[in-house]
Amino acid sequence: MDLNSLMLMRHELILTLLILILLIVDIVFTGENKKKVSYIAVALFALYTLISFLPLKEGTLFGGMFETNKMISSFKNILNIGVLLISLLSINWLHNKTLKHQKVGEFFILLFASLLGMFFLISSRNFLMLYVSLELSTLPVTALAAYDIYSRKSSEAGIKLILSAAISSGIFLFGISFIYAAGGSLYFHDLVGSIGHSYLSIAGLIMFFAGLAFKISLVPFHFWTADVYEGAPTPVSNYLSVISKSAAVFILMITLFVTFRELIDIWTPILYGLSILTMFIGNFFALRQQNLKRFLAFSSVAQAGFVMMGMLAANQLAVATVIYFMAIYIFSNIGAFGVIQVVETKSGKLNIDDYNGFYRTNPNLALVLMLSLFSLAGIPPIAGFFGKFFLYTSAASKGYYLLVFIAVVNVTISLYYYLLVVRAAFLRTSDNPIPYFKNDALTRIGLIIVVVSLFLIGLYSPLYDYINSVVNVLNI
Amino acid sequence: MISGISIYEILTVSTIIFFIGIYGFATRKNLIAMLMSVELILNSAALNFVIFNKYLFPEELGGAIFSIFIIAVAAAETALALAIIINLYRLIMSLKTDDLETMKY
Amino acid sequence: MLAFSTMSQIGYMMLALGVSGYGGHEGLGFMAGIFHLFTHAMFKALLFLGAGAIIHAVHSNYMQDMGGLRKYMPITHITFLIAALAISGIPPFAGFFSKDEILAAAFEHNFPVFVIGYIVAGMTAFYMFRLYFRIFWWNEPDYKHKPHEAPKTMTIPLLILAFMSIFSGFIPFDEFVSPDNKPFHSHIDWTLAGLSIGIGVIGILAALLFYKKEKDLSQRFRYAFGDFYKWTYNKFYIDDIYFFVTKTIIFKYISSSFAWFDRHIVDGTMNGIGNGTVWISTKIKKLQSGSVQDYAMFFVSGVLIIILIVWFSINY
Amino acid sequence: MDILTLFVVIPVLTVVALVFSKGIKQHRVVALIGFIIQTLMSFNLIYQYLHERAAGNHDVMVFTKDVMWFAPMNIHYAIGVDGISVLMILLTSIIVLTGIFISWKVDDLPKEFFISLIVLASGVYGFFISVDLFTMFVFYEIAVIPMYLLIGIWGSGPREYAAMKLTIMLMGASALLLVGILGVYFNSNADGGALTFNIFEIAKVNIPVDAQKLFFPFLFIGFAVIGALFPFHTWSPDGHASAPTAVSMLHAGVLMKLGGYGIFRVAMYVMPAGAHYWANFFMVLAVIGVFYGALAAIKQKDLKYINAYSSVSHLGLVLLGLLMMNEIAWKGAMLQSLSHGFITALFFAMIGVIYGRTHTRIVTKMSGLLNVIPVAGALYVIAGMANLGLPGFSGFVAEMNIFVGAFQHADTFHRVITILAVSSIVVTAVYILRVVGMMLMGPTTPEFKNLPKISWYEKTGTYILVLFIVLIGVFPFWWGGIITDSIGPFIEKILTF
Amino acid sequence: MIVFAAMTVSNKNIMRSIIYLLFVLIGMAAIYFMIEFYFLGAVQLTVYAGGIIVLYVNSVMLVEKINNPLPSVALWRRLLAGFLSAFGIILTLFAVWSYDFAVVAENQAKEISIEDVGLTLLSYGDHGYILPFEVISVLLLAAMVGAIVIAKTNKHEQITNK
């Protein structure tokens, strides 16, 4: 244990440092200068994102409580990029909305704190660590969801999120306590092979699973999703829908594949059933939404179902594919939420019908929106297609053809509602369209990065090859 | 270890408290009361850890430490939740759960 | 008349197909059927376009408004004649070859069909030439506008088609159509050919007798050969039946019902799947009640139900 | 860069050029230049192909290229062409070229229109050059999606509904397709090799018969939906009727051909046992489509609906020909694909021309148009004649091959099917002639006395199409020869398994 | 303790509910003391009884009149929730009672002192919990910032009841 090995935690350490710097910066700048805090935050974060790409050694720390390897650090990098994009896109909203009450710095502090929680979450190899970091990732977000303190909806979203999260973490803890009783340890690697099949361990597994499924918003643990996404400020919904979900998927994958490999015959059917249920419920609810944020919430529920389908194979292909898909999903959803957020900030419009004639006034934004939605739907040559295709491949590799078929039927349903938005933006004209507006440079940079990535991740295969090559270290 | 009380009995107690918490969460009409139910749930979980630790694996401290963390997290959570609740009260002058249903379907 | 002349072809083509179907199992009959189908398509189109040109010229759809047009519309006249000859199976026009092959096939395999086909061939010839004489030779009515030759856009296709009607019979069709890529030689059986030419000629002559000039001859025939005239008269009934079959049955009932079926049943099913999905989504939206307590109940019951299902599905 | 990849790259470059061009004049010139290049390239491709064959190259596919794409799953970007795909590429480029001529006057969002059209075309090209199932599927979907925008934005009538229906049904079809592809993929190591998406690698393997029986219908229906197989054809009338002219042309002319091509190249080729097992069932569906499409066409009043049902009928013939399982029928099916492509494109072009002048497509409202717009009328008649199988035009050659092939089966079942299919020709004659009679002949409707003459760009477009229709009709052996050349491997694989 | 818990969730007076909750928490602490986890018991008492309960009391005083009875709940909801909870209790108890816990005999258990707890908490070796300890410090910081964010209002702005 020396400083050198502590550098394995580079991501977390720098991020903590960043939070502390921001705390100070936030105190230093007052009044009109508060605006600068956001730029400083984004600049620092961008710098940090760059640094984080430096190669990193593999290893464990703190007696096996914290682990890092290439897979984990590349996933952290993906999350970093996602958060960077969200921060880029949120500056516009922050300046419009919150400059008056001087809370710009806190926004970033909370955001980064939650990200820190995610990092500890995906690095944790101990259930205690898992629990604490899960809470660290949730609590700041609940604060962020209630961030817009003058909006009733925002407060409602915060309440709903924190209460749901509390009850889910209660059940989660209860489950862990059973696993602890059955396996005799809190360390993942101690638990491997020592859990055994018993009513107690199975109940524990399912309760534990429910806690993570809550974060991923699988049916029937998804109900908070739509309400919170709708009420929370859009950047926060964006964050919840991509970063929070991805991290939870990742750790769920590790725990299920490694720790609970013994119980594979138990969780496979659960995943199978919930995957179907999630896809259908998510799609059916999304079909009738007018509010775009709710719409995307249900669409993200449905996407979670697809991810579960990909996880079923429980092999290297599954892990690589799920990580790859989550990376694509992050970009697609950020793109969609980003456009919605820009429009909401500038014109206050959120309904699908308000987007009638959108292409004719704001062609570029409409294009970004369309590409993002097509990526979510899985239309080539946009990356989402490749992600989805590999998920199907992963599921089919274990012979789940029926599930693949159901999934593709669901893609068709989902295409329908994605096309509803495209229809509004492209096909229709309106007497009262969203007026043309010019975006600031940061928003543009963010959206351009999104679009470029959407094409690049899919067509440029070395990215997938890289992910595939780092995955083979799963065996703890 | 309490003499005369088996692990099963204590676990029964904690389970019942857990589900009383859930019952309370589902039925209370007041946000603060709901939050109190959450405390019951978290406490019973913490109790579980301690009991397992003591009865089954007394040579290490994982469970006990876990419950310390649960208590700490619960405190943070409560503080945050109460802050949001009070803010909501400032906005709508009510804590009824029925007033929380503006977003649905 | 336009629809009439179009529709009446169908029945004949059906018959040709029927013949070809029974025709033979060695490919000859079928080959011939197809051959005839396509040569037929050709002079049928020719006839049709010719009819179009005529209608264009006299501004009327009705035969009684026509007559003696050969003077005004020479090109149309010639091409129409070619078509009529072809359809009657007179060599060297295309129809001869194909029809001959059909009949040959029918003769070999199915004699009754051959007889029917044979008679029908004669009837066709009569029928077509009735049209031809009636339009181009019959006494001139009082034309309000002077009939004139059709524009080039019409005559040129007419000429091309006529050309093809003449020569397409010589296309080495056998090689083309042959089943196994080996050319297969159709030999023209001149006995049969003679027979079929004969019936064609008889038909033509009959039409010539009746319809070349107005009334006199046909009136006389009516008295002289009452039975025969009745027979030909009945053939007009056959035309009527054709007309009835095509216009009423195919148009009104079969086709309409297919169209209806397509729009309402097939399309309706496809749309129904879509609407059903939307309907389900309206039905279940109540689940998302907005109450966080309901959500918690769903959450807990979800966990419990999964546990229960898993427990029941494993047996210890 | 190899000759085939250019077919995907040039459209992309054209799109880029379009993005930077300004004003409708520049847009259409850029689009036109792009597609003239494409057309020249496809001629060049045919020339090169023939040259290659003449030089004694008897590979199944020529100009092949194989680049590893996603190594972990053995996905390649693998391309190559044989005689069939070469002709299909030619068909595509001709139709897109004429489509651009026909839509010379698009005034609403012209840039976007041409871009969508070109993206669609590049998807189709990609589909025809792929020999890797994954690549093929990618291009298939690329080809489907621009349709939504094309119909939705520039269409007429219930365009939103039609566009949505078309897209959803085709995507639903791709659901089946995808399951089928994955099923094939995971059985492609049956003989102990690696999993692969490459069609020809898979064809070397004997996929277990049970798997073939299971997955053949997925692939077949998946492809057949876009080829308007009977119960799944309902997207086609609505889609065609609502689409703008060039899109109807491209859609009926090219996109629907993906179905037959895919069935032949993929479904039947890699799963011969499945094909034989299912052939009769699908044959019944196909013949229902043939007969039923023709009958339904009679009753339609809208010109585009008539043509759409006619397409259902004629593409049914393609499927029928494929399922007949012999060389002549296959040749016929492929020729029919080509010929119907040109004919139906000409049809839709003429409908576009007429509609552009009369602003109605209802047959009963028009009469005697031949006097007013003689060239257009004559072209329409030519299209009609070609469609009903007049010798000298392409339709005759194609349909005859199919029927002759079909007739080679001596059992009652095939006989009945064949006769039904053949009699659809008669019905075709009815609806074609009916329209020609009602619309072109007879006294001229007063309100249409003064219609503008057909313009140069419309003429150019349609004359090109007529030229090809006649070329196929007059030189059938040349076209048939190219196809026959390439059918060998199929015979070997499907008939002698 | 169960009775108190039940009272907590059923009493119509929120202040009384809080007191009953306090009793439950004290009961928990008593159990901890009985099984000789003194430190844990102490934490339970100080944090919960001393901190959280006070927080509750404060906030209730802030927002509600103490004597206001809580609104009554629809019977179907109570029945449903009751059924659900009963179902859950049965299920969980079945799991618990069917499991054969390998209880360690009393004499083998060693005394756990506060020092042990402290050392375990702060050791960074195997079975050391310093990392979560650090994480939770960040968590508390974040929660604090969050609470401040939400509680902080700009005096110049009117609170809009949107």
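Here are some notes:
When the chains are written out, they are named A, B, C, D and E in that same order, and each has its own residue count from 1.
The rule we apply is simple: a residue touches a chain if its C-beta (ideal position, glycine included) is under 8 Å from a C-beta of that chain, and two chains touch if they have at least 3 such contacts.
In this text, all values refer to a predicted model and were calculated from it rather than measured experimentally.
Considering every other chain in turn, the ones in contact with both subunit A and subunit C prove to be B, D, E. Counting only chains that touch, the fewest steps needed to get from subunit A to subunit D is 1. Set side by side, B-C and C-E show the greater C-beta contact count at B-C. In this assembly, the chain whose C-alpha centre lies farthest from subunit D is E. When chain centres are defined as mean Cα coordinates, C lies farthest from subunit B.
Mean C-alpha positions place subunit A and subunit E at a centre distance of 29 Å.
Note on chain placement: the centre of subunit B and the centre of subunit E lie 5 Å apart, centres being C-alpha means. Separating the centre of subunit B from that of subunit D, both taken as means of CA atoms, is a distance of 65 Å.
Among all residues of subunit A, those that touch two or more other chains are 128, 132, 135, 139, 142-143, 146, 149-150, 152-153, 158-160, 163, 167, 171, 178, 181, 198-199, 202-203, 226-227, 288, 416.
Shown for subunit E are the residues that touch two or more other chains, namely 77, 80-81, 84, 88, 91-92, 95-96, 101, 127, 129, 132, 136, 139, 143, 146-147, 150, 153, 159, 161-162.
Annotation for subunit D: residues 168 touch two or more other chains. Remark: the chains found to touch one another pair up as A-B, A-C, A-D, A-E, B-C, B-E, C-D, C-E. The touching residues of subunit D, counted against subunit A in their complex, run 68-73, 75, 134, 137-139, 141-142, 145, 148-149, 152-153, 159-160, 163-164, 167-168, 171-172, 174-176, 178-179, 182-183, 185-186.
Across the complex, subunit D is touched by residues 317, 320, 374, 379-381, 385-386, 389-390, 392-393, 396-397, 399, 401, 404-405, 408-409, 411-412, 415-416, 419, 422-423, 426-428, 461, 464-465, 468 of subunit A. By the touch criterion given at the top, residues 165, 168-169, 231-235, 237-238, 292, 295-296, 298-300, 309, 327-328, 370-371, 374-375, 377-378, 381-382, 385, 388-392, 396, 400, 403-405, 407-408, 410, 415, 418-419, 422-423, 425-427, 429-430, 433-434, 436-437, 440-443, 476 of subunit D touch subunit C in their complex.
Residue ranges of subunit A in contact with subunit C, taken from their complex: 159-160, 163-164, 167-168, 171, 197-199, 202-203, 206-207, 210, 214, 219-221, 223-224, 226-227, 265-266, 269-270, 281, 284-285, 287-288, 413, 416. Subunit C contributes residues 2-3, 6-7, 9-10, 13-14, 17, 20-21, 25, 27, 30-31, 33-34, 37-39, 41-42, 44-45, 48-49, 52, 55-56, 59, 61, 151, 153-154, 157, 160, 164, 168, 171, 176-181, 246, 250-251, 254-256, 258-259, 261-262, 266-267, 269-271, 274 to its touches with subunit D in the complex.
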